[in-house]
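Both of the next two complexes hold chain A, though its partner changes from chain B to chain C.
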Partner chain A sequence: MKTLLSLIIKEFKLIFRDKWTIMILIGMPIVEIALFGFAITTEIRNINFAVLAPQHNETVRQLVERIDANTYFTFVGYLDQTKDIDKAFRKEKADVVLTFKSNVGKQEASSKGVQLQIVTDASNPNTAKTESMYLMGILKDYFSKTDIGAAGVTSSVRILYNPQLKSTYNFVPGIMGLLLLLICAMMTSIAIVREKEVGTMELLLVSPTRPIFVILAKMAPYLTLSIINYITILVLSVFVLQIPIVGSLFWLSVISIIYVFLALAIGLFISTVMSTQVSAMIVSMATLLFPTILLSGMIYPLENAPVILQYVSCIFPGRWYISAVRKIMIEGLPLHYVLTEINVLIIMSVIMITLSLKKFKHRLE
Partner chain B sequence: MEEIIIADKLTKQFGSFTAVDHISFTVKRGEIFGFLGANGAGKTTAMRMLCGLSKPTGGKASVAGFDIARQSEKVKQHIGYMSQKFSLYEDLKVKENIRLYAGIYGLSDSQIKEKGERLMHRLNIYDERDTLVKQLPLGWKQKLAFSIAIIHTPDIVFLDEPTGGVDPLARRQFWELIYEATERGITAFVTTHYMDEAGYCNRISMMVDGKISALGTPKELKEKFNANSIDEVFRTLARGAQRGE
Partner chain C sequence: MILKYLIEKEFKQFLRNSFMPRIALVFPTIIILVFPWVATMDVSNINVSVVDRDVSTMSRRLSDKIAGSSYFNLTEYTDNYKQALDDVEKGKSDIIVEIPQHFERDLTTIQHATVQISSNGVNALKGSIGSGYLQNITADFNADLATKQGVTVSTPFSVNIQDRYNPTLNFKLFMIPALMTMIIIMLCGLLPALNIVSEKEIGTIEQINVTPVNKAAFILSKLIPYWLMGFIILTICFILAALVYGYTPKGSFLTIYAIAILFVLVMSGIGLIISNYAATMQQSLFMMFFFMMIFMLMSGLFTDVRSMPDWAQNIAFFNPPRYFIDTMRSVFLKGGNIADNIHNFMMLSVFAFVTNIWAMLSYRKQV
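Our next item is the complex of A and B:
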């Protein structure tokens, strides 16, 4: 025990002596939350809309007023003819144009139904899709109160759990999955490989210390750091981004702990395979960082990816963790909805811990 | 005198390559045993086996009375280890390094305090106890590393090229520390490639291509090979080597 304690004290001293690293590790969640929460937002706020209508009658005016009243939309003016739509987009005067085909508001129109067209600038397809969805929502709401009724407007788009399409909802679980993986796996592997590189590992191995103590001591500070980061992210998202934790905080923490252990095991495994800090970092980045960002549904919805990539994504732990966090934290689903995720994470942990301990022992032979 | 290291046809093979080829020798308690050889001769591999870091593929050896293959954990409790390349944590203070190693070897807090202070006074670095090790000159670092390697009073201390890169005066002081340790009954097993240092050893062995090709006191070796210095003995032996540098 004394041995383990000496080693743990040493690890904490070494890591806290490195002021820059510690500042980066503790500051990272704050910066990430600020970046994703306020700067890199996929949510659209200022949509300029124009209207092309054959007649500016009462219904048209009412609709324009209605849309303009919405905080997301700003009315920029009426267009005279169809070819002006193209001009407005090219000059970036408008992001979306609402076109009235028939004479809305007239008696004969209501019997035939209303023909409206939403034209969006799809140079950014994600934005265009969101804009048209917003507009659809407003139109539907408007017509449901007229004698045409909501039935006159058909739309199959439904937005669940994130009715305001707040992108922040989506990325908080993503950041949690990414940062915990990064700190536990990447930093642990680098720290262990550093001792191998400098040679101090040899010294520890020649001492009566049990190798498992060396490893546990290495993991201790990163385990602590990831708990600090976990709390920071939750506090920031609840109080700064105002994303409530709908589900059980207890189960959210349990899943996070499983994930952290898995990440530590991955870090240990990488450290047993790699022999330099640089290679350990590159391997961590390539196998952990990028797949987690791109294949976990953190930024881009996984459902949009090709089927083959959806299968590939299954081997990355981040995908399962992020999905579980999303279900519990944002959708507030009870535990049995995330059993698959939990089981996958547990199985992955068992495999990784067995593999890395075996590999670590083997290296000593 | 008691034999503290007994190697009997100790062998290590990596695939078809025999790094250490049936070496046999004994080291007596309190002796300074020089373990010499060119790079690639198998010195490091042999030493790693004796320290319990690597398992032999043939033959056997005992260190401090324990079998290195079956009781490597026991062996580790009775040895100290120091190397020129890596010895201390550069980002820890002098006293923190002492505390770490003493703690790893299970010394009590009062022992750590007492031995640590005695050690720092002996090396005249008590005033530097709060200095990071990386800020110390190389000669001081090596003396500190050696003193820490024997803080738990092991039976044997293994020194892997301990004096590389330091000036003659610092080397001289370093060897004084080794002599002091052996007076306290600690056996020193030293590898070096400074042939003048070989003269400080009680006995030396010379490894060529995985085999021990000469073993004896420095005087005996010089007489046997009809040479003026250990360096000359070494060059005579190394001429027949198959493995390059």
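Our next item is the complex of A and C:
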């Protein structure tokens, strides 16, 4: 036990000697959660709209005013001809163009009514969809304003769990999952491989300490750092991003610690397989960073992915952790909703630890 | 020409380790083949639970109208709100539409009824687009009602929507150019960040330091291989996109390669700067990793820069990938040319100049 303790102290000293690394390890999550918490948002605002109309008569002007008054839209000007639409889109002067076909004044009188066209710059499909949806709403509202007397259904909208529709609610669990996984797994793997590369690992292994102690001692500082990271991330999201922890803080922490442990085990495993720091890093990036950003529902909802990829996503721990955090932290659901997630994370940890211990011993022989 | 030998050395070093060239091939392939399928924020399949407390002709007509819309899947039709809420909590449903009791009676007698829409706001995009569509559907429902009752809506109008450049609203077309950028950031930014520092760690940098090689030649010899690599990788990406997705840029390759020259220079320049300052590979990795996250998450790659708050947009102003992604999307989708993207070209030129001068100055021959 004493050897283990002194090994752990040695590892702590080793890490804290390198001021730069420590600063990055502690500072990075702080900067990133603050930046991304605010910056990663899908909220669509500042839509620039232009109008193409043969005549700028009363209806056109009123409509422009009406749309411009909407918080989402900003009027950027009238276009002269159809060709200009393309030009405006390419120079990114406008995002959507409302075109009036021929003579609006006459159309209003005719039975066919006013004919309009919404032309969107659909290079970003979601923006295009939202733009035309909002515009349609405004148009419908404008044209049916005068028909008092007809029966009508009104709808009142209520947003569950995230009343202000802040994107941060969706993304913070994802960022938590990403940062914790990467910091623990990548840092551990690189740190251990570094000792291999530099040659100091051999020294440790020929010493009379048991290999499991060496491993445990290596993990200890990173475990501590990760827990510090977890706490700072949580404090920042509550006090800076103002995301309330609706559910149980206790269970959230339990799940996070399981996750951190799993991440450390993954890092350990990568380090036993890889032999250079560069390769360890590339493998961590390829198996952890990208799948977590893309295959765990952090930014892109998983249900949109093809079924095969949805199955593939099950092997990435981030997916389970992020889903559990969302349920507990944001939706405030009780523990039994996240039992699957917890079990999967525990099973993964056991598998990873067993694998890497086996690998590690094997290497000694 | 000492530069020639230095470059030759770099190539030998790169190819000697069989892992690196393989990564440079496998990595883009996987990203282009797999990720476009995942990276979609398509919101067309919104699951709706209808809680019908009225169960009348009218309420059925409204729920049929919702189910018939191409945006929604009707996952549950019930008279129990609790059950619908349970569906939302389990993630089976995104939105609950609650039709109140006496819906039909109220509509015929007092001409008015209110439908409650409750959407799961955890996915803010889905929540807002979904409830927006639902409101449009109720507006349509009202118009139908009015015509049925013989009341003519005072100004009839028709709108058709044209989605230019991407008429099928295919998210892949939007993401593929961005994913290519991601590959360039990864390979042409990270590898240089490790390059000089790894020579420091192995000790070979001493050997260079005692030779009469000047700073500029040394940095150039480090830059040029990554530059070539960037081109090769980009070309692989184009071939893959054309073969697998039948997706080729609407504009000219010339524009893309022209901006790529600048962009790869910027990325490698940043990598080399970090490499110069870092003492160990570990430091350099962590630092580069920090910047990579910012490069990827604040450049409009995944979420639009214009959606960010103003202060974040100011930070994004200094984010080089942003200008490259903008140009890539413009050329691929809209057929943009150099003139359309002149702003991006200028920004990246400035970045390329500053970063590479900095890289040269920060390389010190003394240890």
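Observations on the model:
As a working rule, the second predicted complex is superposed on the first by the 251 of 365 C-alpha atoms of A that agree within 3 Å, B and C clash if a C-alpha of one lies under 4 Å from a C-alpha of the other, contacts with A are read in each partner's own complex, and residues count from 1 in each chain.
In this text, contacts are C-beta pairs under 8 Å (C-beta built on N, C-alpha and C of every residue); 3 or more make two chains touch, one makes a residue touch a chain.
The structure displayed is predicted, hence computed values, not measured ones.
Judged by the touch definition given at the top, the superposed model places A:L309 against chain C, while chain B stays out of reach.
In the superposition on chain A, A:D18 makes contact with both chain B and chain C.
Judged by the touch definition given at the top, the superposed model places A:K91 against chain C, while chain B stays out of reach. Measured by the number of chain A residues touched, the leading partner among chain B and chain C is C.
Using the contact criterion defined above for the overlaid structures, shared-chain residue A:A69 touches neither chain B nor chain C, since it reaches no partner. In the overlay built on the shared chain, the residue A:L249 is in contact with neither chain B nor chain C.
Shared-chain residue A:V350: touches no atom of chain B or chain C. Once chain A of one complex is fitted onto chain A of the other, the partner contacts of A:K140 are limited to chain C, with no touch recorded for chain B. Taken together, the two complexes place residues 18, 198 of chain A in contact with chain B and also with chain C. The touching residues of chain C, counted against chain A in their complex, run 17, 19-20, 23, 27, 30-31, 34-35, 37-43, 45, 62, 88-90, 107-108, 111-129, 131-136, 138-143, 145-146, 149, 151-167, 169-171, 173-174, 186, 190-191, 194, 198, 201, 278-283, 285-287, 289-290, 293-294, 296-298, 302-304, 306-309, 311-312, 315-316, 329-330, 333-336, 340.
On the chain B side of its complex with chain A, the touching residues are 51-55, 73, 76-77, 79, 81, 83, 85-92, 96, 99-106, 158. Chain A meets chain C in the complex at residues 18, 20-21, 24-25, 28, 31-32, 35-36, 38-46, 85-86, 89-91, 108, 111-130, 132-134, 136-137, 139-141, 143-147, 149-163, 165-167, 169-170, 182, 186-187, 190-191, 194, 197-198, 276-279, 281-282, 285-286, 290, 293-295, 299-301, 303-306, 309, 326, 330-331, 333, 337. Residues 2-3, 5-7, 9-10, 13-14, 17-18, 198-200, 202-209, 364-365 of chain A touch chain B in their complex.
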